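Okay, structure first, notes after.
Labels A, B, C, D, E and F are assigned to the chains in the order they are written; within every chain, residues are numbered from 1.
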């Protein structure tokens, strides 16, 4: 009952509907198109805003409360790509390079899905730990490193420069903006945050809706590639997030997170990156096919997560914590 | 008296003044220039915001209330280009292709003028029917189709691919964003709208002022072409909007709209497109001269409408409805 | 004591921290980069918003109150480049062209530093005269003209077309947006301003923080050139702003400004342009080296001003006026 | 190194024509293309903003036969109506197999 | 097809010089041009953002006489001061009448 | 005017490779380059948005020796893995000293 209700409120939020509009516009072959610069500007805004808000809430939090959840997050993003890699090579039937590329995406995380879960929890009036953006930040890089390492070990097909990859990942704009925002939010405190909140906080959900319209436009283009992806990858892209979501909620509980935080960790585990991972994979695994990794993460897992997934992971978290 | 007062409040609004600043900056040959991407971003924002707000207000409205005004709007945008075409070929003295191109612009509508009339009515505390953005959406395409059809019939000069034109017009970004916004606003309701209002509603007029600055910059460049347009086209670009405004107010009353809605329909009828129509005309009637259609719609009719026109059409509406 | 406290509140503002984040990101060789169009859009927003707000406050101000401070501002921007030029040629050891280029920057002003001082004063609850943006506007051009004139007189190395330079400066986007904004704010008054304030006023500081992140990114790139600039130019870029700041505060007092206005005039005098001046210098003194003028104004003087400088100039103003 | 002589065909046209031009390129056998946003001025006046429309520069490396067929096609279907120019430049490429359709090459 | 040999003159320069360069092109008889925003690096250092300034690439198809006159003009009035390069490429065009001023052509 | 024949080397590649390609150009003796953002399509599919990645077009005017060395280098280190094309166009430049490294020229 309750899950159905929260599902319908999730499906009818302006954010999800904007995403659907984007998909429909592309299917209708509309000329609606976001300039690349707008996409980049929105990305910068969203990541920095997420960081700032989390940082402001960090105030007065002990290292202990934060330590275990962070460890759980890092652990998840190290182990997820490992089993994904073997499942993708085995039952799904991808070659080493493409299996590694897809694994990198599913181990890493999606900032937009993260924003969607925060918006969902806020609407449902569930409190979330302030350091949640830190979970997002630490889960971006490890999976990509693990996946590239797996590809290299098995076929040498990866692009040799491991040190450069590491540097690029750790100084990528996602991590800089999230951690930088966290630090600024923390250092300038409530008084500082209030100065910038009318720009970074109040309009956040509206900006997110606009961004999701763009995500929908790109997803629509990717749907054409669904057929070449094959039904086994489609199944992977729905089943694995559910499994990861359950695992995330479970580790969230173990590490002491509340229902809000556990829902967030579950969603992060279930989400697949489509900003940081594609950029890294293009350089580190250039022979991998975007028709596989972008299509599965963007055209299947992302819409699944923002519609059905998030309410489900929230249900997992409530179930596990109240059990 | 009253009309003079509302005229002065219209002339001294930041929106109209920003437009004037843009014109002055171009006349002074300033290097002030908006990046194209900013223009595109602002267009997306404005159209989507207009749709969302209207959709939210649709809640609880019967099809009957909406049906007649929509029919009136479509009727206007079918018949206006017909007489425009013959007037432009006859007294104004344009050839078939250019007559059709200009007709397409005057039958179609301007989203910025629409925003200006909404802002004007809000400042004057006049209520407007929530479905007004739907009027805007349905009036965009028909006139262009009719005008291209006229050009083809008479001289075969139009670009043959009628089916493609139809598709491009009906899936153009204006219609997608307006109707999509309407649907999202309607489906997500007040609760959903409140989430995105701080981005799409509160700052709307400020964004509109910024956009009008850019419209002013382009208008300034167009003023150079006034001479080549000729005084007959200038007269057309002022007289026809007044006539269409009166007709629009009249049909507004007939179809059951209030003073607010009738003012809007009058303004839409009087407005000339300068976003959707030019793009369509460039492809469908490539031999038409921008010096004629852009200059008349942008450099004459638009400033006329946002300064003198809107208060006048409001006066028409009050006069007809209260008579 | 008090100065230390205001220093720490200045250092921990989100704006200054965002600037620091930008510098750090560049030093870490992060791929974080703002699209040029975003930079341009933010510049247009900030300048126009500054003008609008000032214009709205102009209401009911006498010409007399405004006249003297404006004269003081223009005087400062005429004399500062003269002594700078001779100091740069003498003790600092630059050639004529580079001395003129750097002088142009230090005589002209920085709109971002201006915004930072306004934010600082607002946080410190110090009132500022409404016409402050007019001070900013009138101080942009004169110094550049004087400096180019000096270069031409001494070595003929400047680019001959003086009339064109004058035109370009007086119609530059900075002046158009500031003065245009002032006029619009003044003409449309409080009622008009309230319509656009949710876009141009409320989110201003947040936008400024985002812009400062970008300034930090560029500053970071400039730090590499510090060595080629030499320690004498570095010393110049710290000592002269202090001297100009004191002089500005003094003239502020003489011309009847309060503590707020005097702090602003001091900061303007101390600030070095890095938007208008570089663009003008590239055309008028193309042989000058950006490694000298951009590095000193952007990588030394700007961070000095927004961290230590502004609290210091505020202290000067209080000291002089209360003495 | 071992290079092959091919032809770079460059088309400057209104951006709205992009999808149509790309389809034509492909139909005539081009195996790739590169597009760049440009502004410009010519007989049809200035084209330099979203308002007046903008131009694209479309470049494709093809063999002589394809170049010839494309010239024919463009001059028949685009020149009479649209603001379009086309020019050919001889270029040397590496890996010619990438650009030349095995069937087409002669 | 029936093509004509002309010259594509390419100028890379600071974007602030655009209006001046365009005026010079027109004065020397060019009947059209295409502009593209670019970044670059050369003897004058990197030019890659709004801060340091950016470059434009200006291309015009002209006949040999105009190309020669433009080379002369640019090397006298721009090279000594500005970060500018210029190069010429032989191209084949369709519809040569579009590019060559009837008076100028010889 | 007095022009010199040199070679314009053009590389179209993924934008993420820019810094690496620029470093390679410099290492091989190029004294300048110009970069332009482009979109494109080829054997690796469409590359036309921030999502799929975008391309850059990198142009450098060099002498024959450098061009040859660069062809060698690019075809060894980039072609096998990355979506990259390279082509050479003969151009005439003014002020050849600007483009040719005194040691390298022969």
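Note that a contact is a pair of C-beta atoms (placed from the backbone, for glycine too) under 8 Å apart; a residue touches a chain by one contact, two chains touch by 3 or more.
Not measured: the values here are computed from a predicted model.
Visitor: Chains shared as neighbours by chain A and chain B?
Guide: Output, common partners of chain A and chain B: C.
Visitor: How short can a chain-to-chain path be from chain C to chain D, counted in steps between touching chains?
Guide: The fewest touching-chain steps linking chain C to chain D number 2.
Visitor: Counting one step per pair of touching chains, how far is chain E from chain A at the shortest?
Guide: 2
Visitor: Are the interface residues of chain D and chain E largely the same numbers on each copy, more than half shared, or largely different?
Guide: different
Visitor: Quick one: report the Å distance separating chain B from chain E, using the average Cα coordinate of each chain.
Guide: Going by mean C-alpha positions, chain B sits 40 Å from chain E.
Visitor: How big is the gap, in whole Å, between where the Cα atoms of chain B centre and where those of chain F centre?
Guide: Each chain's C-alpha centroid was found; their separation is 48 Å.
Visitor: Which positions in chain A touch two or more other chains at once?
Guide: Those would be 35-37, 40-41, 203.
Visitor: Note the residues in chain D that touch 2 or more other chains, in rising order.
Guide: Residue numbers touching two or more other chains: 36, 89-90.
Visitor: Which pairs of chains touch each other?
Guide: A-B, A-C, A-F, B-C, B-D, C-E, D-E, D-F, E-F
Visitor: Could you pull out which chain A residues touch chain B in their complex?
Guide: So the residues of chain A in touch with chain B come to 12-15, 17-18, 21, 24-25, 28-38, 41, 119, 123, 202-207, 209-210, 213.
Visitor: Chain F touches which residues of chain E in the complex?
Guide: Chain E reaches chain F through residues 10, 12, 36-43, 48, 55, 57, 68, 71-72, 74-75, 79, 85-90.
Visitor: Which residues of chain A touch chain F in the complex?
Guide: The touching residues are 36, 39-40, 159, 218, 274, 278-279, 282-283, 286-287, 290-291, 294, 298.
Visitor: Help me check something: in the complex, which residues belonging to chain F touch chain A?
Guide: Per the stated touch rule, the residues are 14, 16-17, 45, 49-54, 81-83.
Visitor: Would you mind writing out the residues of chain D in touch with chain F in their complex?
Guide: Per the touch definition, chain D meets chain F at residues 1, 3, 6, 8, 22, 31-36, 61, 89-95, 98.
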